[in-house]
Amino acid sequence: MTKHHEFRIKVYEVIFGTDTPAGRLFDIVLIYAILLSVAAVILDSVEAISKEYKLSFQTIEWFFTSLFTIEYIIRLYCCPKPWRYARSFYGLVDLLSVLPSYFALFITQANFLIIIRLFRVLRIFRILKLMRYLGEANTLMRSIILSRRKIFVFLISVMVLVTIFGSMMYLIEGPANGFTSIPKSIYWSIVTITTVGYGDITPQTILGQALSSLIMITGYAIIAVPTGIITAELAVELRREKVIHGCHNCGRAGHDRDALHCKFCGAKLITHT
Amino acid sequence: MTKHHEFRIKVYEVIFGTDTPAGRLFDIVLIYAILLSVAAVILDSVEAISKEYKLSFQTIEWFFTSLFTIEYIIRLYCCPKPWRYARSFYGLVDLLSVLPSYFALFITQANFLIIIRLFRVLRIFRILKLMRYLGEANTLMRSIILSRRKIFVFLISVMVLVTIFGSMMYLIEGPANGFTSIPKSIYWSIVTITTVGYGDITPQTILGQALSSLIMITGYAIIAVPTGIITAELAVELRREKVIHGCHNCGRAGHDRDALHCKFCGAKLITHT
Amino acid sequence: MTKHHEFRIKVYEVIFGTDTPAGRLFDIVLIYAILLSVAAVILDSVEAISKEYKLSFQTIEWFFTSLFTIEYIIRLYCCPKPWRYARSFYGLVDLLSVLPSYFALFITQANFLIIIRLFRVLRIFRILKLMRYLGEANTLMRSIILSRRKIFVFLISVMVLVTIFGSMMYLIEGPANGFTSIPKSIYWSIVTITTVGYGDITPQTILGQALSSLIMITGYAIIAVPTGIITAELAVELRREKVIHGCHNCGRAGHDRDALHCKFCGAKLITHT
Amino acid sequence: MTKHHEFRIKVYEVIFGTDTPAGRLFDIVLIYAILLSVAAVILDSVEAISKEYKLSFQTIEWFFTSLFTIEYIIRLYCCPKPWRYARSFYGLVDLLSVLPSYFALFITQANFLIIIRLFRVLRIFRILKLMRYLGEANTLMRSIILSRRKIFVFLISVMVLVTIFGSMMYLIEGPANGFTSIPKSIYWSIVTITTVGYGDITPQTILGQALSSLIMITGYAIIAVPTGIITAELAVELRREKVIHGCHNCGRAGHDRDALHCKFCGAKLITHT
């Protein structure tokens, strides 16, 4: 019983952990398996390739589905709280990686199953954990989370703006010039304000071109706002990254990484990286 | 009389306030009503949908118009200074939300009334007040207002630039390649310098393509300027958000929010949020 | 003689200065004259309008040419060093604003004269002097000048990049898909890397689309560099604008440029620019 | 023997160094030679020009090839460690500048040799060394290197995003609307999220246009992230550049503006603003 328990802990360390050599190897193999299976699904959608190698793709798909199914079962087996894992974000992604292939046995011609299968690409984010990029990802995420309220305010303003601009263009240009409805005009507004500019719908009248110019310059000016928000937050985060240890004499922080003495009281700093 | 006065104050609190549960509920209901009525106007412009459900859309429109009319009258009634409210920005938007529908009874085929009706989308900004996002909106607005002079100088420079670039392209490419007039060439310049790039007008001659390349790289380089302006101001604003109170002993400011002691003299900080 | 001298100084103050009411009025009138004359040249290029009002445009053009000629002569007359003014940037722009119209008397069908005439739009920058936006313009200019070496390095790198990307695309796609020569491929590279994306030339082969994706993501990533350069410089400039001199009584800095008293202790500030 | 050694050192100083007048002159001549030879290769690809001046281009090419061959041999000769130079980045670029022309003698119709020849444009980066822009280039490079992990995390996220968005669009729009395969849909996703927007493939269905709008706004919002990363790093770098005065005791610089004591040796700093 204890031996069985020990075995489970060891398996857990290999599959969920990244500190042991076996754990790292497992993660690396897993990442290649994910990338290959995703590449197979993507290539299978190219008609010329799909026709030629139909059988190969089916074999590959079933090989990876079996692999990921076994992996999922082992994860459930070795996890101390299997139910919590199953309901977690990665637990659901892991399940979604294998389910569509089984469904495809019963439901034929279900194109959308291919897409759900592709969600397994999300598992790649585990690579970050492995490669110790978690710190960087955290800094980025924290900046975005800290500025989420500002970004939300910004997005609502953009939404209101494109609704008004879109409906004005619908009035000015009209269905004759491709602005067939307000939703389509709003779509055009978004294409324009984000500076994507497909050119599938373009203003034809003088007034429409003048208003478009205004929209473009508006978009050009307000593209600065999200950048400003994230940059300002990131700058604060970066400074915090650099300010780690306080002085042992006066307790004050804010020293550079290469500082040897406290810049406030002159006492020697004790570094503990 | 006093009872009536009390009632008016209570109604005022519900309609204009956001602190009471009733006030919050009213705001939430209002926001859904605005979103639904805007969605109805937008969908009504899609011919396929409009034809099928003509009657429904008219019913919905009149339902919301009645609702917003009643709301407008109640706002006027309970406001201590009704005239000041009526002339305020939101007062005018509230009025514009209902007037077009009444005008439409007399003026038929007035497309532009639809658009005025859509201005009610501006009322959504009230959502910000409700959701306590006002602080974030203020920080954004203050940054934009503080940098308005720099942005004005920037916009004038862009205007002068597109006029010169546009007229040069008109000279180089000429009407044969789509650059039929200087206004159209300026429109093209704006499309190019903002990196929108519809592709409805493109340079065909070698010289025109060379000048275009120059314009694009110019646009690429100067897109940095508004971003730089807003970011720099936002960074200052963010720091101000963080640096509130000065030390009571030495008077120096610049402390972090979580600081307990002055980082200059070590005295205890007295926090007064 | 002295009276004449006094008159010249007075005229100088009105025409070159912005401090007297007459000087301000002159500047405002001048700006409207410039805007109107530029608008006339621009509208004259629209064939439909030009045909209808041919005579009016000629009258307007000669009215403004006379006006600007008189202004130029007066500037030369009242300037203490007329030759230095004539050779200055604005002196040349002033001259170029009137010369083309006189040349047009002798040279007919000279389209390029229209364009030179449009260079008078550059005179609008005088508006900035008038509106006291010079400080803002200076901050912007100083940031750009301070970062000109970094931007130069950046531009050379972009040039090298588009040359290599362009020639690779020429090899991959070839003349059959619109990439008819290396210069055209480089033009396409610039259109792509600056995210303009006209769509007049697009990659058709799988390999070409893969390389394009790489170019786009490169462009997306390096658009950050000029923004970063200008923002970082602007942030330093902004701080400098705000932090100039410390108070001589309490020693604390952080005063605005227009502050007369220390905002901490109220002592009079001694300015030493 | 010693004389020969002295001669080699002198040649080395001229060819590799930039401090002597002869060294500067050599670099300037070299840069013009590179630019001219690159321009010749580029122009040779334009059919109209190529046909007319076929012989001239061959002469120019062989002139520069000889020149660069001689230069390469001299570099090998005067370099104290020729093998290390030959294997260095610039050594390889120098070799690649001449080899293709010799190969072209044996292999005819080898288009890709032209492209390799164009890699000599990379030698232009030597201009930076000459023009003392190395410091600026280093600041830029250091910022990019310091933020490489954040940019890597960002790029992986973008990759995952475009895979998911692309496959969803493939499902929604399908081959009938140009989304013929998942790789092509991913290509479209990249074109859209980077705001390039060629318009060669555009969504036609309502649902596709709605999802596209979402992708565009996502792209618009996340364009802020790399900018933020680089800006924040650059700001830190710039501040380090600006903190000038060193400690009077130990001479080391890098102190903050509000520092009172040297952070290296603890001595009191003497501030002289």
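In this document, chain identifiers A, B, C and D correspond to the written order of the chains, with residue numbering beginning at 1 in each.
Going forward, a contact is a pair of C-beta atoms (placed from the backbone, for glycine too) under 8 Å apart; a residue touches a chain by one contact, two chains touch by 3 or more.
None of these values were measured; they are calculated from a predicted model.
*Asks:* What's the farthest chain from chain B if centres are computed as the mean of the Cα atoms?
*Replies:* Taking each chain's C-alpha mean as its centre, the farthest from chain B is D.
*Asks:* Among B-D, A-C or A-D, where does the B-C interface recur, judging by over half of the contact pairs matching in residue number?
*Replies:* Matching more than half of the contact pairs of B-C: A-D.
*Asks:* Which whole number of Å gives the spacing of the CA centres of chain C and chain D?
*Replies:* It comes to 29 Å between the two C-alpha centres.
*Asks:* Based only on mean CA positions, could you tell me how far chain B sits from chain D in angstrom?
*Replies:* Averaging C-alpha atoms per chain gives centres 40 Å apart.
*Asks:* Could you list which residues of chain D touch at least two other chains?
*Replies:* In chain D, 183, 186, 195-199, 223, 227, 229, 231, 233, 235 touch at least two other chains.
*Asks:* What topology does the chain touch graph have (line, ring, star, complete, other)?
*Replies:* Graph shape, chains as nodes and touching pairs as edges: complete.
*Asks:* Of all residues in chain C, which touch chain D in the complex?
*Replies:* 149-150, 152-154, 156-157, 160, 163-164, 167-168, 170-171, 175, 180-183, 186, 192, 195-199, 202, 206, 209-210, 212-213, 216-217, 219-221, 223-225, 227-229, 231-233, 235-236
*Asks:* Can you name the residues of chain C that touch chain A in the complex?
*Replies:* For chain C paired with chain A, touching residues are 195-199, 227, 231.
*Asks:* Quick check on the complex: what are the chain D residues that touch chain C?
*Replies:* 38, 41-43, 45-47, 111-112, 114-115, 118-119, 121-122, 124-125, 127-128, 133, 136-137, 139-140, 143-144, 151, 155, 158, 183-184, 186-187, 190-191, 194-200, 223, 226-227, 229-231, 233-235, 237-239, 242
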